[in-house]
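As structure tokens, the structure follows; a few thoughts come after it.
Note that the chains are named A, B, C, D, E and F in the order they appear, and that numbering of residues resets to 1 at the start of each chain.
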Amino acid sequence: MFYHEKRLQYFTPPTTPDPIYAKKLQELIGGPMGEMTVMMQYLFQGWNCRGPAKYRDMLLDIGTEEIGHVEMLATMVAHLLDKAPIKLQEDGAKDPIVGAVMGGTKPTDVMMDIMAASMSPKHAIVSGGGAMPEDSVGYAWNGRYITASGNLMADFRSNLHAESQGLLQTVRLYEMSDDPGVRDHLSFMIARDTMHQNQWLAAIEELQSDGFEETVVPKIAHEYGKNEYAYQFWNHSKGTDSAEGRWSKGRSMDGKGQFTYISDPEPLSPALEPPQPDPRLHGTPKSPAAQKTSDNPVKNLVDGVADTVNQIIPGK
Amino acid sequence: MFYHEKRLQYFTPPTTPDPIYAKKLQELIGGPMGEMTVMMQYLFQGWNCRGPAKYRDMLLDIGTEEIGHVEMLATMVAHLLDKAPIKLQEDGAKDPIVGAVMGGTKPTDVMMDIMAASMSPKHAIVSGGGAMPEDSVGYAWNGRYITASGNLMADFRSNLHAESQGLLQTVRLYEMSDDPGVRDHLSFMIARDTMHQNQWLAAIEELQSDGFEETVVPKIAHEYGKNEYAYQFWNHSKGTDSAEGRWSKGRSMDGKGQFTYISDPEPLSPALEPPQPDPRLHGTPKSPAAQKTSDNPVKNLVDGVADTVNQIIPGK
Amino acid sequence: MFYHEKRLQYFTPPTTPDPIYAKKLQELIGGPMGEMTVMMQYLFQGWNCRGPAKYRDMLLDIGTEEIGHVEMLATMVAHLLDKAPIKLQEDGAKDPIVGAVMGGTKPTDVMMDIMAASMSPKHAIVSGGGAMPEDSVGYAWNGRYITASGNLMADFRSNLHAESQGLLQTVRLYEMSDDPGVRDHLSFMIARDTMHQNQWLAAIEELQSDGFEETVVPKIAHEYGKNEYAYQFWNHSKGTDSAEGRWSKGRSMDGKGQFTYISDPEPLSPALEPPQPDPRLHGTPKSPAAQKTSDNPVKNLVDGVADTVNQIIPGK
Amino acid sequence: MFYHEKRLQYFTPPTTPDPIYAKKLQELIGGPMGEMTVMMQYLFQGWNCRGPAKYRDMLLDIGTEEIGHVEMLATMVAHLLDKAPIKLQEDGAKDPIVGAVMGGTKPTDVMMDIMAASMSPKHAIVSGGGAMPEDSVGYAWNGRYITASGNLMADFRSNLHAESQGLLQTVRLYEMSDDPGVRDHLSFMIARDTMHQNQWLAAIEELQSDGFEETVVPKIAHEYGKNEYAYQFWNHSKGTDSAEGRWSKGRSMDGKGQFTYISDPEPLSPALEPPQPDPRLHGTPKSPAAQKTSDNPVKNLVDGVADTVNQIIPGK
Amino acid sequence: MFYHEKRLQYFTPPTTPDPIYAKKLQELIGGPMGEMTVMMQYLFQGWNCRGPAKYRDMLLDIGTEEIGHVEMLATMVAHLLDKAPIKLQEDGAKDPIVGAVMGGTKPTDVMMDIMAASMSPKHAIVSGGGAMPEDSVGYAWNGRYITASGNLMADFRSNLHAESQGLLQTVRLYEMSDDPGVRDHLSFMIARDTMHQNQWLAAIEELQSDGFEETVVPKIAHEYGKNEYAYQFWNHSKGTDSAEGRWSKGRSMDGKGQFTYISDPEPLSPALEPPQPDPRLHGTPKSPAAQKTSDNPVKNLVDGVADTVNQIIPGK
Amino acid sequence: MFYHEKRLQYFTPPTTPDPIYAKKLQELIGGPMGEMTVMMQYLFQGWNCRGPAKYRDMLLDIGTEEIGHVEMLATMVAHLLDKAPIKLQEDGAKDPIVGAVMGGTKPTDVMMDIMAASMSPKHAIVSGGGAMPEDSVGYAWNGRYITASGNLMADFRSNLHAESQGLLQTVRLYEMSDDPGVRDHLSFMIARDTMHQNQWLAAIEELQSDGFEETVVPKIAHEYGKNEYAYQFWNHSKGTDSAEGRWSKGRSMDGKGQFTYISDPEPLSPALEPPQPDPRLHGTPKSPAAQKTSDNPVKNLVDGVADTVNQIIPGK
């Protein structure tokens, strides 16, 4: 169960409204690596967690914090959209002197028109000046963005990846603004994402020291895999630039093998013949003679079913 | 530019067709963590890579290998769908003795009906017995599944996450089958995913030793962030189970701070008033008096635009 | 900012695990009318709200309650998936006596196979026994499901609709289970949805009595519309069954007009000629003579641009 | 079965083409609250309707009218796209005097470039100057937007919501244009949406007076719900602004209870332990000792299945 | 503008309800090649058509017919769902004699449970026994399925493709049913799709004989293309099975070239160096030295902008 | 299995970077008719092909070529994005003389601001200057775009359609650029698409001459269809413009019938009554008396099930 506190975790208003930046900031709300993703990812991981209480509680703590991050960004978008020019300016509203005498345009007029033309139409027509659950091009956030597998090691790696991409995007947006308010606000978010990268690295270390998983996850993979192929780098291209890396030589990272570099890999399977299509599905077979005609459909069907039973069910 | 080789990287046919397992195997083809994802992710990362040649070449090598993994699984699906029962059995085709005399059913009849009812309808109606670019519930693979940011450290963490989730899913599918052919086939894929987890760990290490990034990515974050908040764990819940973990105490993983545990966090922002809505958007304001009436629309509009210009453009 | 409480708002475990029912229950989590929808809808409406504090606070209260409803259902799904049969039974595990002697099958064996074949593959392969942010057929929840327009009257009607469809679905799921635990759990949710329908009706009444909107929303529509067409029912079919309803006669619901029934409606527009295509886009024109050839491309382009300028910009 | 009439229900051409406005207008065609939504929603409700003929006929009448509304808007988009500048202007096409002598730009040149840069690329590349089945940011219309439950009261509330949001958006677009043709055209649509809001309110009243449903839908909810929780407002936040509303006191809207305000709500469930994961799924358990090793897989599997049978099937 | 007629174009009720077949039939309603696709495709092509009236009228005629095809299939789904078993049977409802005495199950009981487990949950929970705008696995129909380019030749080829895939799927579904009612109903649809394939072939011929397009569409392509590569088959694989086909030798189909077979194709481009990343985006460059530090951000930014202006704007 | 060659099939760099054109070019990468579509379509058709080797090999050859086309376009996008202005210019960076003295703006400044406002935010924030697997409005590529049915004739028609739309879009983009590098690059792609249209026409001819299919696909349709309706054009509108075309008179294209024109078509089905809803689903029935009350639920349920069994299972 959850509770709300009216004040935000942190907030600095923008110095100047900027509807184009509002559109860009949507990436951090509803993009694949945005705050809705980490919020829902950590909550579902927490709800699905069947492991020790410290992990479950930690997941729900950070998931709950992230709800507040969506709130902070939604509030920022509303402030950036304040006074947005929702249509191209009428000629009458433009500066008459410059327009009539010189045929030129005032920078403010041009900028207003650029904003009206380039802001997200959704921000005016649909939300009336508020944030949307979508990214910077208006693509809807969706549930396939999140990962919650029940295996904490696999999931913590997903979390580290999400915080790394998310922080990278936040830094890019920081560089894309000169507004001191926006930058101050993002500085706080940069700090929290810094914590969260540290946190997942710590959790990965802890999980390993608690004895749950090893380098390769899940650890049973080593028992199931054809391990003769588990430490080979296959060079699928002409040229061997890829031989220069750590992945092509030396001890493997899990300590269970030795990296080798296969410079001219060959397929391991023999040539295969595809199975022939069921005539009732009218795919193209090897020969037209195998195509179905319907002149004796009952017989065809009965034959077909009998044939199928004989082949599918072992031991029949 | 690419070339094709007709033989598969590896292949073992299933002992017995099984259309229900074919449906499940689609998760590894077109699911968010399936082979289409890693194939497209590595290819786009390679095409977008502006870093050293060894990384670019390595990305394109593994991306090219993954095209072949989609091919292997698509071929497996076709074999599993061979002789699939595409409809419920007619009564006439069922065993007459058991049916008429005893009111019972033969296991083979029941299993055929379960298969016909539970296999993916797409596998019969749409693909005519072939694989689909979608997951185990028929949700289409899409481009939002992949990550290619241009920052190799962030991307290699994404790759490690994808290979961890992917291997976990492959192992689960291995457990969900008793077919020796399927298991042999998956064993090879388990080995390759084992290599790929090792490979991304090696690449992460290499990138760091080459001097490109540090623990927290991107490394400039430390210069932009409010670092006083960069090492705090905020306990957003009642109870302190989350205090038990490595993330709440000790040196931070990046070596630049000390983890602290904030057990009763308070919001840092003051109470805020939302901005008032543009009357032309007909949102609900604080008071009905602020709602627009159209009795003098020209004046309203001109006023509105002038007002906007005055507030948006600094220095006007 | 938000806080978490480890106990659930309400919970009764199911008497018996049932993975097929777990799949169905996903509709209430991630369907268009599920709890993720109302949770995100109320939160975004609250964050976008620029109206009186009582509405904003109320929206965030109920949005926060709904986060807990997702949590309750996710927990229920995990319990329903406990001990789920993740594959078809091996012959060796089936009851040997019935199978060998009678050719029949035990009901428990059949039911296990049906469950293994019909449960959501995602629940085993992807979440490892946990809930997913998707609906009963595995379609991902997405941000286009929610409505937050900034106009509270329009939004409260959206909320009433969502709670009506949501309660209807909950009642259907109640009917589809005989498990006393599931039914007790759903009874609590039915009560809360009952409250929420009442609540939105109360809020609609309050908004109107506060003077913000009238029957037709937004109220300015009456000033902008061609009101001669605002109270006509157009009968677009043969036969006049639709004339029997309240909507075809009597005072209109907003009290500003009289319903009339147009039994044989005629189009109001004259015949239109479509505009001709830009030759540079190679659409099909009225005559092949209008198709572009490239023999003098520079002239074509310059002419085209000049032509466009002349026609698009009024007053040029 | 359906028939077409070549003339449109209503149409006024725009005075001036405007490709940016064409992009915005797409929201009314293919947005979640656009005409494709109400068209498909009413048609599917009509086709799924098993109630009295007057409702079914009315649904199909209005659904058929809405096909014509999509047609009207598609035609408007084609006219707005006529002569659209499909690329940035060549320098040679720009006004040479202003450009060369003064370093300034003519407003018409700037506006042409803004249009070329901001119009929907789809309108040139994909449709060649025609409308698209998508919204103002190019997100495809999809079937999850519509609601057709078979319960007419729930559906009529959905319809009221759709017409309220739709009319609000149409009014916003009306405010965002100064073109007399566009405004005249939209005035007709505003009138029809006004009718449709009235119509659904009338239909809701009629359905209730016909005896089908009551205030809370479906009416059986009152028999299934834990009614002690059906009239409580839970204050999930600090502060009690939400206590000011009608929803927190007085008779409930369905007349069956009394609203009460729970200012400090507590969870009703006890603390819960999550179920432990199936070892075959390799989720993280409470303790590493519970993790599967494969050293005796056959025994493990057989034990697992037997265990499952014993627990899932009641009465076994 | 459109009109509705209450009777269906054609309809034969199913002899027996069958909720599993209802799920499969959804493919023809809301699949990528279903009736919603051709309906919307032909309507949008008609609305976007700027060519001769006979084509525009024909497109709207067939589009209008297809609305009725959706109606026919939606009605069929409702009939197939009549009396659907919406839950697994209670033990009390099962045949007591077979169950208790013999441990076996009655075929009717098993079939009821299979149906309850395998039917689309949407058909019970969401639509209450009606059709949905989605395909056989519940994936929503969406606007990206349709093609309407303004070029009639390209579009008629799209239509021929849609009718070919659609008819193939209808025939497969015909084979997957033994119900005489269903088969009779589908026979009518097979006839109409037969007409429509003939129709698009006729329209393609007509368009060519009217002088609008030639073999390769759009015809201007021949003037723009590097025609030395326009008739070569590139063999991108080992082995030359592909040399056996008509596409590798003889006169090209457009009569403008000669097919040739390039058995060992080589890339035509030289080796390329990727451009280096903008330091403000923090991608990985060739060398760590090129990574940005923020110690003099103002200078960096000004330099960056000046640099950009110099390179982007030709002639500056 | 696949191999990579570092050089591209063809490449000419753009003369000038242009981030707006980069956005538009995304349509050819990730649009429904883009290179990702044909690449995946041909590969899946090849993998699903059960017909003669020459077709399978040819499909995989061209599918492999298309991977390289995605690569070429992704490289072009990276070059077009080089030096893209990622934010609106600071006032200090604008030309001070024009700005201060004349109130005008320099064309280069305006163009920079237009580019910063109109380029895809994804290209900066998400990919850091690289291509994305999405179209020109940022909508993700998805697996529902491709067609691979197992029937080669149906699929080759899909391929012809895809190459026709794809070439049309490429030509449009060619017209939308003046950059010699871009045009040279596109000229090569226009040539390859010209080949591919020729190729599918050749393959269609070959397939027919090999005896696999006839004019109408699949050829069995003629045996299953109600052929009396297979050659009629139904005029679903007022007016008979559509009678002018080849489709309304003369020999049908398959040579098996005679086109006829039905100018005033009438429905063939009688009036229908919809089935009544299952009371457990709480849809609206003909009369309120048929609505369920729960006062004797056990009896209701048992009756319901028995009733269902009696009606669903034939011969019970």
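By definition in this document, a contact is a pair of C-beta atoms (placed from the backbone, for glycine too) under 8 Å apart; a residue touches a chain by one contact, two chains touch by 3 or more.
Quantities reported herein were computed from a predicted structural model and do not represent experimental measurements.
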* Chain labels contacting chain C and also chain F -> A, B, D, E
* **Shared interface numbering between chain E and chain D [over half = same, under half = different]** => same
* Of A-E and E-F, whichever chain pair has more C-beta contact pairs -> E-F
* **Chain centre separation (chain A, chain C; CA means) in Å** => 23
* How big is the gap, in whole Å, between where the Cα atoms of chain C centre and where those of chain D centre? -> 6
* **Residues of chain A touching at least two other chains** => 1-9, 33, 50, 55-57, 60-61, 64-65, 75, 78, 86, 90, 102, 104-105, 110-111, 114-115, 117-118, 124, 126, 128-129, 134, 137-140, 142, 144, 149-151, 153, 168-169, 171-172, 175-176, 218, 220, 224, 236-237, 239, 267, 274-275, 277, 280-283
* Structure fact -> Given the complex, residues on chain C that touch chain E span 20, 23-24, 27, 31, 33, 95, 97-98, 102, 104-107, 110-111, 114-115, 117-118, 135-139, 169, 172-173, 175-178, 236-239, 267, 274-277, 281-288, 291-294
* Once bound in the complex, which stretches of chain B touch chain F? -> 1-9, 30, 36, 40, 43-44, 47-48, 50, 57, 60-61, 63-65, 67-68, 70-71, 74-75, 78, 91, 126-134, 140-144, 146, 148-151, 315
* Enumerate the contact residues on chain F facing chain A in the complex. => 1-6, 49-52, 55-56, 86-88, 90, 94, 99, 102-105, 110, 113-114, 117-118, 120-122, 124-126, 128, 134, 137-140, 149-153, 207, 210-213, 218-220, 223-224
* Asked: Which of the residues in chain F end up touching chain C in this complex?
  -> 168, 171-172, 175-176, 280-282
